[in-house]
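Take a look at the following structure, please.
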Amino acid sequence: MTKFLVGIGYNGWILPVLLVLPLVGGLLLVLHRCTQRQDADAAMRSARSIAFWIFVAEAVLSIGLWWSIDTVSADWQAYVDVAWIPQWGARFTVGIDGIALMLILLTTLLMPLAVLGSWTSIRVNPHAFYTLLLVLTTGMLGVFMALDLAFFYVMWEVMLVPMYLIIGIWGGQRRLYASIKFFIYTMVGSLLMLVAIVSLGLQAGQGGPPVFSYDAILALTRAAPVVGSYWLFGAFALAFAVKVPMFPFHTWLPDAHVEAPTAGSVILAAIMLKMGTFGFVRFAVPLFPDVAMDPTVRTIILVLAVIGIVYGALVALVQPDFKKLVAYSSVSHLGFVILGIFAMTVESMQGALMVTISHGISTGALFLLIGMIYERRHTRQIDDFGGIAKVMPIFAVFLTVVSLSAIGVPGTNGFVGEFLVLIGSFPTQPYYTVIAATSVVFAAAYLLWAVQRIIYNPLVKPENAALKGNDLNWREIGLLTPLVIAILWLGVYPKPVLNKTEAAADRLVRSVEAARMGSMQQLPPAGGR
Amino acid sequence: MGNVFVSLLYGFNFYLFGLIAIASALLFVTRKSPVAAALWLVNVMFCLAALYVMLDAQFIGAIQVLVYAGAIMVVFLFVVMLLNLGRGDADSDMRGSVGRIAAGAVGLALLAEVMVLARSRFPEELTLRAAQGLAPVDVTAGVIGPIAGPLFNEYLLAFELTSILLLTAIVGAVLIGKKRVTDAR
Amino acid sequence: MLAESLALSALLFTIGVIGVLTRRNAIILFMCVELMLNAVNLSFVALSKLHGVGGQVFVIFVMSVAAAEAAVGLAIIIAIFRHRQSVNLEDINLLKG
Amino acid sequence: MTYDLLSPTQLSAALLPDLLLMGGAIVLMLVAAWRPESDAHQRTVGLAAIGLLIATMATVVWMSVRGDSALETGVIAVDGFRWMVDLILLLGAIGTIALAIEHNERDGITQAESHVLVLFAVAGMMILAAARDLMVVFLGIEIMSVAVYVLTGLNRRSARSAEASLKYFLLGAFATAFLLYGMALVYGATGQTQFAEIGLVIRRLNLIDNPMLLVGIGLMLVGMAFKVAAAPFHMWAPDVYDGAPTPITAFMAATVKTAAFASFLRIWYEAFYSVFNGWAHAVWWLAVLTMVVGNVVALSQKNIKRMLAYSSIVHTGYLLVTVTAASVLASTAFTFYALAYTLATFGAFAVVASMQPAGETDARISDYQGLWHVRPWMATAMAVFLLALLGFPVFGGVGFFAKWYLIQAAIAAPAGLTILAVILVLTSVISAGYYLQVVRVMFMMPRADEAVEPLPVGALTRAVLAVTVVLILGLGLFPSRLVEITQSNGFRPYAYSPALDMGLPRFEP
Amino acid sequence: MQTAPLVTGHPMSDTIARFAWLIPLLPLVGFALNGLLSLHAAAHPGPADPSGSDDDHDVAHAAPAAHDHDDAHQVARHPSAGLVSLIGPGVLALSFAMTLAVLYQFGIADQAMHEPYVLTLFQWMPAGKLSIDVAFQIDQLSLVMMSIVTGIGTLIHIFSVGYMRDDPGYPRYFAYLNLFIFFMLLLVMGANYPLMFVGWEGVGLCSYLLIGFWFSDKSNADAGKKAFIVNRIGDFGFLVAMFLMFANFGTLSFAGVESAAAIVPMGGALVTAICLFLFLGATGKSAQIPLFVWLPDAMAGPTPVSALIHAATMVTAGVYLIARSAVLFSMAPVAQLTVAVVGALTAVFAATIGLKQWDIKKVLAYSTVSQLGYMFVGVGVGAYSAGVFHLMTHAFFKALLFLGSGSVIYAMHKAYHATHSPEDAQDMRNMGGLRKRMPVTFVLMWIATFSIAGIPPFSGFFSKDEILGAVFARTHGSTLAEAQWLGIPGSLVLYGVYVLGLAAALMTAIYMTRLMLYTFHGPSRTGEKEATHLKEAPWIMTGPLVVLGVLSAVGGFANVPALYGGMGSQLLHSWLEPVLGRGTEISLGTEGVHLSHATEYLLIGVAIAIAVIGIVFAWLRLKPDALVPAKSAPVEEGLERTLLHKWYVDEAYARTVVQPTLGISRTLLWKGIDAGIIDGLLVNGSALLVRTVGWVGSQLQSGRVGTYAWVLLMGVLSVLSAFSFR
């Protein structure tokens, strides 16, 4: 496989192609819409199949990365560097390491499923919907592979508009409120990051034109203290914290999730939130190791993460809306990621990446399942259900398995990540870890309670009884099965994934520790900042 | 001696016209009738013309009378008459006493701020011409010649631009002012 | 006489401003602006005694500008009068918010 | 070549595009008056005016390629900055006339002279962009203003139009008086009217603390701030923009502002640079106040023209950053931003103009409800313009890079305006509220039942829309060429010495 | 940490033991097959649609209240029931056979084989310093557990074939049961704590699924959820213990931890903390105070499930955990005392509740809790093998009791079903006189009762006696006795524990006799019509009962105390010696503990006396003739009522933990902080503030030129002041 990939020069073109292909697909859809006069039904069918096959092609193309890149090497893999705006030092630079690899694969593999998940539910302007989905994909992939801060920022913002429109146009009752909240929340963070990026770029340019290359800025921040590094870190951290979302910047998430259409929720939860954590791993922490590891800063972030873990779980406990419940559970889960990152051990970092991936899979699957039941029942209120397992046993099985993964039952992917985070964080942050570990109880409580009220309990409501014979169809089973397989596979044999990310995590931890040691030596013993 | 006398007379006249100007200006802003106000304004302009002459700007003084008082203000009066605004309605034309007092206060504040420039003692500082090695300004320079020279050399562009400005104004005034032909359709 | 001229100029300018602030008749308002321009002219003339003829040239341009403004301004006032039968600025507030 | 501007011939040569435009405008004025008012005549003159503008543009490009310069002193500048600004102004004028031709037809405005007035206004602006002498600045501003006063009141059937015209005129004249007074005091303090000379005198005599100079600068600042509609001198703008015919609104919002800013920059960089510490605080606060006020008040607007008016106030605030930043980089950021802003503004107003039914009506945002379902392309274009105004990458195209450039200029400024950059981005978050309000109304709401079908869009408007969208998106992906052009055409004042930067204390209130 | 793929050189690696991975795999295969059969039927609803008629059937099982259907549903037997009946018990039988084979290999090997056989399959979670393998540890202890799990599991599977055959969820039932066995085997075979944790949580999961098997009844589903959540509280403890171990020892394998534990200071804070957290995990799984509340509710599941999971295997996992960590615990006497005290208290406490329950399964459930308490006393005082011994005998007799009660319930249910009676088939007040109708069950149940009450020579006597003896023996000279527990001398504590143990034994005898009396003796209270339908269960159910009966009767001989000498003397003890010996030694202290034979005889006499007194007391005191059926029973008062309501512990938890948590989450966190402060005040509030200011600003935009001029002039003044008064 590797030989074949080298033969076709795979690493040389794959990343740009992955970025451009969805755009081409979007263009195709637009052209299709312009040239074909179709009734609504035909439009839906043609649009979704075009999008689906584009995504499938994207997924197939991206798979090769698994073999083609060397995750152990300290160099960027599949590196492509092209001038973009030379006067500003902005370049089109992409490249990945093991961490980015996993997130890219998560994205490309989940997108076809997201399309399948919205197969029949998007009836209004399907072409536009899928075009936005495709553009969104470019943005997300761009974030994961960008190695130029200017390019990164552009990609970071690019996702915002498609998601805004997806929520706002195809969303639920309060979609208008939710979409603008999502947009503005995210923008507050990201615009400050823009200032920080420009400032860093100018400092890296050292009086000349700015330089935004990741490596150059890394070298800059490592060489000597940057002017205002606390503020710069704060700007980055805020942008990412909103995206993650960390308490108390999380309140956009429940609204966005509840109102977004299925595909939107899936992408939001499975991939977009991960950009926040990825941002921490790729930018905020490595660029400002001494700030990130500053006891005060670290404590603040850890406290927020732990609050998020417990708080998200507790609030999820009392949610009447299943989507909202899952949204708050995301707050809780992503808290683990932040805890893992800032505990700064190889194990916790690996665990954080594992949670990142497994949360993507299981929460994505949960949203798909909610979408499926919503299509049938047109409600997401937990109390409107009951006894669904009687009439939709297959749905019940999937929901149970996926919920167990979200709870973190051993043998599923959820456990591996959480366990690694906790056990990795404990040596450096025992108290926070113990508090965080209590969420194993709450997680079980909120999800099992919800699952019970949905699929168990007496089947008393006639609307639910009417679902008989309306169990999941083959498409839905087909789209959930890969996710369930992934859940179990990652739960039982996560080693391949852990191996891919190990070197990158190790490098990160070691370089941060080294930088911290260095800065501690520089400081006078009593030293303030 | 004559110089002293001339200087005294000069000073007297200067203050006289200044005071008349101030008084006329105050009357101008307080008259309710637009016509009366306009006439007081004309009076201010005459006083200023006198001051210009005393400041060795004879040409400016002349065209002040010709252009400002003679042409512009006439147009104003003409419009006042045209619109039959001769007797301004007393109540609504001017703000109430609160507004007037406030305006007075604000005016004083503005004056105070602008008068900061009095601190600059600039006549001593600004001996620029001496600094540049130029001769002091000729007191008799204010007649046409010394103005016309620079006007058509250094300031030629500005001078030509006034023609475009006036042309624009004419076109604009015609465009706005002429009767709506299209209404007839 | 330079300082006195500048002071007088400032005073007249202020009176013009006060006029703008107190009057509601569009034409009178405009006249107040003219007063302000005249005040500035006085400054120019006075300063030109110090700096040379430039100030006086400026005054000439100011006068032509005043004339142009008067032409256009009065036309506009006439136009608004046609619509509202009034030049009272208190009545003219279709556009707000 | 290097022009000696004291020689009338060389002066004329240096003014070639301006003279071409003025001469052409005069000829067109005669043509316009030749025939009775009619739609067809109006259209003919309009198209001819566009032709003239394009010719002027060509001349400007030619002049700029020649790369001529002028002697150190002179009443006008012959530099890249001027040509750059000229191009933006001419682009705006073309857009204005293209939109106006069709908008006039719809509104029953048949005066062909209206296009001539636009030409005169642009001529004034071009002079303004070139002016290096207070007198020329004053006259340029007046030519521009007088023409625009009239253009605002062009729709003689409309009381709103007349009212807008009156307000603009009265307040404009009032502000001009302050500007003029300021000029008088600056003249008094320095004895000069040419920027370069003023700058030299200030430095030579160390007039940095001279009260007369400072008050003069302050009053000039008021005048300029009024022209660019900076808070608190912005009050006229919403009303005037609202009442004016829509193409003229776009003209005022983009082109007039650009011209005024060009002159603003020139004066402040060239004449008042060494008094930086005198005026920087004031401009800084003006910028902040403008951003805040514009954004905040725009949120509560129901009328799209008023909303865009406040948005243009906001952009004044952003552009004031370039004045405060006071660097060559900032001047290039200004031209870049002005171009992006012009494109977006004309695009947005083109949509507004084509959506406006004939007659005197509010252009309410709610009229755009569900526009996407009936006019998908127009709605999409509008979204692009609004996102460009918001400064959003890719979808807002070049608007993002404009903002990026501003931030860069602010942070890289000798005075280091990081806080200002932060305020800029934070207030622009508010602006998402109202820009996206329109997007949301267009895309996320169903078409109201009683809504009438929008009128068909004319070819010229379509052309404006297409060109602006394509330019915004294209430059939004590949801005490098444009950056290069603006960077090679930055404003380098004759009296500007980089050494001054060093002595400048870091400034941040 | 041994990461080699296969440990070579171990004597076992050449034997059948190297295929030991098949033991858990077989049930997993069974799960997969049964699960697919279940889903297949669900996906293809045909004429014999299982889900069609299972509404009423489930209701019939759980709460035979709404009974208005005819017997038509009897034909709704699952289409693939035959196949399932083969697969379900079949895989387990194979597993059992395999276990026996491995056991045999161990048995014939050198007795002194101290090295456990670790079978490493693959790396599970390699990250940084952490390396966790999927590896099975096969040693004496795990073999005992495996035998119990697969052996009793097989019996119960067979029993279930009869008991559950008519249930429409039959394949699903076996799928869950098989899955449970898989996880249970993982639990006992795992070679490291994380893998054990996988089994630990997995069995909890299966327990959850099986308790809520008839999920259409809300109370069943509630019970399942409760079991899982309460278990998770314990799991939290297990997790933290693992964190502590990894952070301090750097490894999580049993072998690694054991060797690391040897070098930590005796009774140190670290080892005490680890043990206490482990014990927290154990209290959850093994239903000890304070986390015992889930087990009685878990009786909502099918009765064989109660027998398998909630009596014989899963609930004993806590005991296994402590036995597994014997060395650790022995290093922490304070933690040991805690275990013993909690175990003793639980034993007494649960027994008191058992005294007054009417539901036959609830009595057994509390009995289980009580007996688990005993086991904890055993392992708590460091008599690990005694604990494991009781674990084993308890597995025999308690499984027998549950299956016997299942058989009774089966009969009662059929009887009520036949007459469409809405009465409760599990209420002892509705039984009585069953000895004539169900003689086999009757006899076997008495054997189990004698066993649990501690009547010699039944199995329970030996194990219980060994525990009590061990407690008494350790009151002097052991590390425990020398330790201080909450300021109380250890020896005093141990005396207390001993007394509590005796009290529990007394009550055990009483409530078990009560159960037998009310169920089998006296007149029938079932109702005349129904009584005719009562009959013994089919052979497939009684067969396993007989086997268990034999085991209950003679199981005690697996570990006859040395006192009696002779056959099987200390067999189990010495078998487990390689695994548990070191822990026991440490806790016995340097002096060693020896009781004189006289003392031992005395203790035995006391134990027998207590059991006999209990039985006789109950026999004389309780009058089954006077009992009235449940529907006409009077309401209890006072203490009785308190006992019936289980000391109101559930209610107390609901008031103090559940409701406050929900309340705080809803009112304070969600509505207050989330919707109120963050969203309302900060997010929407700032938006509102901006909007309001904007509205004010737009009001200032009055449309009057005068106003504008004023504002402009204000601007002028501000700008000028900025310039002139700098």
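Order of writing sets the labels: A, B, C, D and E. Residues in every chain begin at 1.
Convention: a contact is a pair of C-beta atoms (placed from the backbone, for glycine too) under 8 Å apart; a residue touches a chain by one contact, two chains touch by 3 or more.
This is a predicted model, so every value here is computed, not measured.
Enquirer: Chains in contact with chain A and with chain B: which ones?
Expert: Common neighbours, chain A/chain B: D, E.
Enquirer: Mean of the CA atoms for each chain, then the mean for all of them together: which chain is nearest?
Expert: A
Enquirer: So which chain is farthest from chain A, going by the mean of the CA atoms in each chain?
Expert: Comparing chain centres, B lies farthest from chain A.
Enquirer: Where centres are the averaged C-alpha coordinates, which chain has the largest centre distance to chain C?
Expert: E
Enquirer: Which of the chain pairs holds the record for C-beta pairs in contact?
Expert: Comparing chain pairs, contacts are most numerous for B-C.
Enquirer: Between chain A and chain D, what is the separation of their C-alpha centroids in Å?
Expert: One centre to the other, that is 42 Å.
Enquirer: Just give me the whole-number Å value for how far the CA centre of chain A lies from that of chain E.
Expert: 38
Enquirer: Starting from the mean Cα coordinates of chain B and chain D, work out the distance between those two points in Å.
Expert: 31
Enquirer: Need the CA-centroid distance for the pair chain A / chain C, whole Å please.
Expert: Their C-alpha centroids are separated by 64 Å.
Enquirer: At which residue positions does chain A touch at least two other chains?
Expert: Not one residue of chain A touches more than one other chain, so the list is empty.
Enquirer: Out of chain E, which residues touch more than one other chain, so two or more?
Expert: Correct list: 698, 701, 703, 705-706, 709-710, 713-714, 716, 720, 724.
Enquirer: Could you tell me which residues belong to chain C and also touch two or more other chains?
Expert: Correct list: 6, 13, 16-17, 20-21, 24, 26, 29-30, 50-52, 54, 57, 61, 65, 68-69, 72, 75-77, 79, 89-90, 92-97.
Enquirer: Pairs of chains that touch, anyone?
Expert: So the chains that touch one another pair up as A-D, A-E, B-C, B-D, B-E, C-D, C-E, D-E.
Enquirer: How about chain E: which of its residues touch chain A in the complex?
Expert: So the residues of chain E touching chain A come out as 38-39, 42-43, 45, 51, 54-55, 122-130, 134, 194, 197-198, 200-202, 205, 208-209, 212, 215-218, 221-222, 224-225, 228-229, 232-233, 235-236, 239-240, 242-244, 246-247, 661-662, 664-666, 669-670, 673-674, 678-679, 682-683.
Enquirer: Flag every residue of chain E that touches chain B in the complex, lowest number first.
Expert: Residues of chain E touching chain B: 706, 710, 713-714, 716-717, 720-721, 724.
Enquirer: Spell out the residues on chain B that touch chain C in their complex, using ranges where they run on.
Expert: 10-11, 14-15, 18, 21-22, 25-26, 28-29, 34, 37-38, 41, 44-45, 48, 51-52, 54-57, 59-60, 63-64, 67-68, 71-73, 75-76, 79-80, 82-83, 85, 88-89, 92-95, 99-100, 102-104, 106-108, 110-111, 114-115, 117-118, 123, 126, 128-129, 137, 141-142, 146-147, 149-151, 154-155, 158-159, 162, 165-166, 168-170, 172-174, 176-177
Enquirer: Which positions of chain E touch chain C when the two form their complex?
Expert: 698-699, 701-706, 709-710, 713
Enquirer: Show me the residue ranges of chain B that touch chain E in the complex, using the header's touch definition.
Expert: Going through chain B, the ones touching chain E are 95, 106, 109-110, 113-114, 116.
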